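Sharing a structure below in structure tokens format, with a few things to ask.
For reference, chains read A, B, C and D in written order, and residue numbers begin at 1 within each chain.
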Amino acid sequence: MMSKILVTGFDPFGGEPVNPAFEAVKLLPDEIAGATVVKLEIPTVFTRSATVVEEAMVREQPDYVLCIGQAGGRSALTVEKVAINLAEARIPDNDGEQPFDMPLREDGGTAYFATLPVKAMVRNINDHGIPAFMSYTAGTYVCNSIMYNVLYLIDRKFPGVKGGFIHVPYATAQGVGKPNGTPTMEIATMARGIEAAIEAAVSTETDATDILGATH
Amino acid sequence: MMSKILVTGFDPFGGEPVNPAFEAVKLLPDEIAGATVVKLEIPTVFTRSATVVEEAMVREQPDYVLCIGQAGGRSALTVEKVAINLAEARIPDNDGEQPFDMPLREDGGTAYFATLPVKAMVRNINDHGIPAFMSYTAGTYVCNSIMYNVLYLIDRKFPGVKGGFIHVPYATAQGVGKPNGTPTMEIATMARGIEAAIEAAVSTETDATDILGATH
Amino acid sequence: MMSKILVTGFDPFGGEPVNPAFEAVKLLPDEIAGATVVKLEIPTVFTRSATVVEEAMVREQPDYVLCIGQAGGRSALTVEKVAINLAEARIPDNDGEQPFDMPLREDGGTAYFATLPVKAMVRNINDHGIPAFMSYTAGTYVCNSIMYNVLYLIDRKFPGVKGGFIHVPYATAQGVGKPNGTPTMEIATMARGIEAAIEAAVSTETDATDILGATH
Amino acid sequence: MMSKILVTGFDPFGGEPVNPAFEAVKLLPDEIAGATVVKLEIPTVFTRSATVVEEAMVREQPDYVLCIGQAGGRSALTVEKVAINLAEARIPDNDGEQPFDMPLREDGGTAYFATLPVKAMVRNINDHGIPAFMSYTAGTYVCNSIMYNVLYLIDRKFPGVKGGFIHVPYATAQGVGKPNGTPTMEIATMARGIEAAIEAAVSTETDATDILGATH
């Protein structure tokens, strides 16, 4: 039987007409390395994004859940290692929520590590000629929030499902008007990178053993 | 009775004659805001650093433990919010250990949040005219390791003690020979910033409520 | 009669199999806004690049000369304003020349400003959704050298010809293995941007009057 | 007979209470390597700054003129190689002038190279443990303007005088409130670096032969 991966991207936010995260998801093929790809646009909202993803996990019963969000200013695709039980929002989300110093789940762990094979994903993106790095912080906004919620839900209700998160840079067109030095990436490139990550995710039993890590 | 804070800094590493982290610690006064300051140089070693700090915590019975390390490339003092249960070393430590994909404590939580009032510390450093930010990743090397171990030990053996970590940039003199664009800070400035952080730490019952957080 | 633009790109260099500058030039259409596009690969060599371009200028009698080179580390297309009479090479060129503290032309001016409408070019690249900036330094290597030589030749031998230079970032694939934070751009994006620049160059009599400039 | 160096720094600008450039100049000793140091605060104004410096050059008859300005965002002291005959102001100066696309001197050269021994200055700053680089663009605002005017005046009216310019980063205290990643330097460190640069300037007959230059 084919395996299935649920891939989410956030809806437009902050007055932007599109969100490159979901634009990249839309470009993915419907099948990658023998796995069915289910694409889901989710609201840029702390509370509702978790509900929407949980409903989709019940409905679709995916083997893998990969969420995509944007970290403007980063230069590469970054595969996230860890999500923390903290909401700290510099700006309100699309529902006007602006939590700070708040746990995402009162009964959740302080953090969860991604259960997808993150090193294999980084390596396969690079092997496709697209810059990628491991990241050890998914931030404190809705990106960290949805990654945390997915891993919490897997831990509580969906045993065996593998979950993770990838941050994408600003799209190239978003770079116009931003300060000189701001890195960008084409949305089509993001999509090819995410496809490579998914290919690794759905075909890797044991993660790669590259030594990544921070330098401090 | 006076309170007591244990402040650690790593010993020289990677062929450098001094480590700015401990050089800054050495410049601290012996008393800050009514708290006795105990300074401790610790080895840049995953395993032994934890042993040395635990022994000092037993011996000194501090009310606060603040560890200082260097994150070359950062531009400001960064007060760390969270330590994760992961060792991933790009280079061997001073004992030649190079763990990767390893938990720091088999029986530890996935992560611990700092128990020092991190926002008040960031604010007071800034109030003293020195750039400081909250950080949500302490890396994966000995800095994260000692922060994690201190918070683990507090959780298990030293209830009520408050612990945390501050990363310092490259010292100004270390900038010579590094690529153009590399930020640096004078060691004396680091010391003044750490002093401001300690002042906030030992006099703040409830943390500040500034909204910090990442922008993604 | 149709006008003609000569567009040059450097050949591969430093062990790389391709040079994104010329790869982008190769993707240009053969006609842009009514101007014939003549593409020329030139050697990454101080002396010979000038000879090769001068020969092409004699042979082709272009109305415009636009040279393309790479400035790894920049995030956007940068249209150069000025070339200086200085060769200062950190590494030898493809013929092993490594001049330093040397004027490019003993009898040349200290500098020449581009005679192409640089502001209109920056604006039109941006209008096509691609980040671009004016730059006030073309470096001190073969890029500055060929820009200087073209403007010197125009001044002495090809009155009325308009000349200029555009730097491109690292190509996306070149970002793999480079430090995290290194900006890149797809070669196809560079080509679209250069095409927009040429469109502005060959259809603009008077340059735009946007206020650009540095902030210091 | 002792030689004499005129050292200028701009006055406060853009609502800031002090300008680190002149604050650093004020910290210089009155004699460096046998040369008398004459310190001069000059207005952050295109036109008047040139007049004020010319008057001081007539009055003081210095052997050397070194101007200091700020380039916020740079990480190191940068000794400028070249000034260009262009005013392009993003914001009005302290007199409300905002020239753009304007030559600084109708009868001036397109550019002038610094006549101070710039490589020896970079090297001696580094030898004093302070990061410094050569720069090939002094911008397009009042910094480039005063450097250009000094070199123009030397060329026309003050033969044999040596002139140049050093850009300083943001002061450390200015980093508070600026984006994370913004490099800064202590004003006292700037002063020590400028002193080292002057020491090299007034004692070097022939410039150093380090290979500097850009990498593109």
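The working rule: a residue touches a chain if its C-beta (ideal position, glycine included) is under 8 Å from a C-beta of that chain, and two chains touch if they have at least 3 such contacts.
Just so it is clear, the model here is predicted, and its values are computed rather than measured.
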I need the common contact partners of subunit B and subunit D, sorted by label.
none
Please decide if copies subunit C and subunit D contact each other with the same set of residue positions, more than half shared, or with different positions, and reply same or different.
same
Farthest from subunit D by Cα centre, which chain is it? Let me know.
A
Degrees of rotation, nearest 5, to put the Cα trace of subunit B on subunit C?
180
How many angstrom lie between the centres of subunit A and subunit D, each centre taken as the mean Cα position?
47
Hey, how far is the Cα centre of subunit C from the one of subunit D, in Å?
29
Taking each chain's centre as its mean C-alpha position, how far apart are subunit A and subunit C in Å?
38
What chain-chain pairs meet the touch criterion?
A-B, A-C, B-D, C-D
Contacting residues of subunit D [partner subunit B, same complex]
74-76, 126, 129-133, 172-173, 175-178, 180-186, 189
Once bound in the complex, which stretches of subunit D touch subunit C?
69-73, 81-82, 84, 86, 88-91, 98, 100-101, 109-113, 135-137, 139-141, 143-144, 167, 207, 209, 211-216
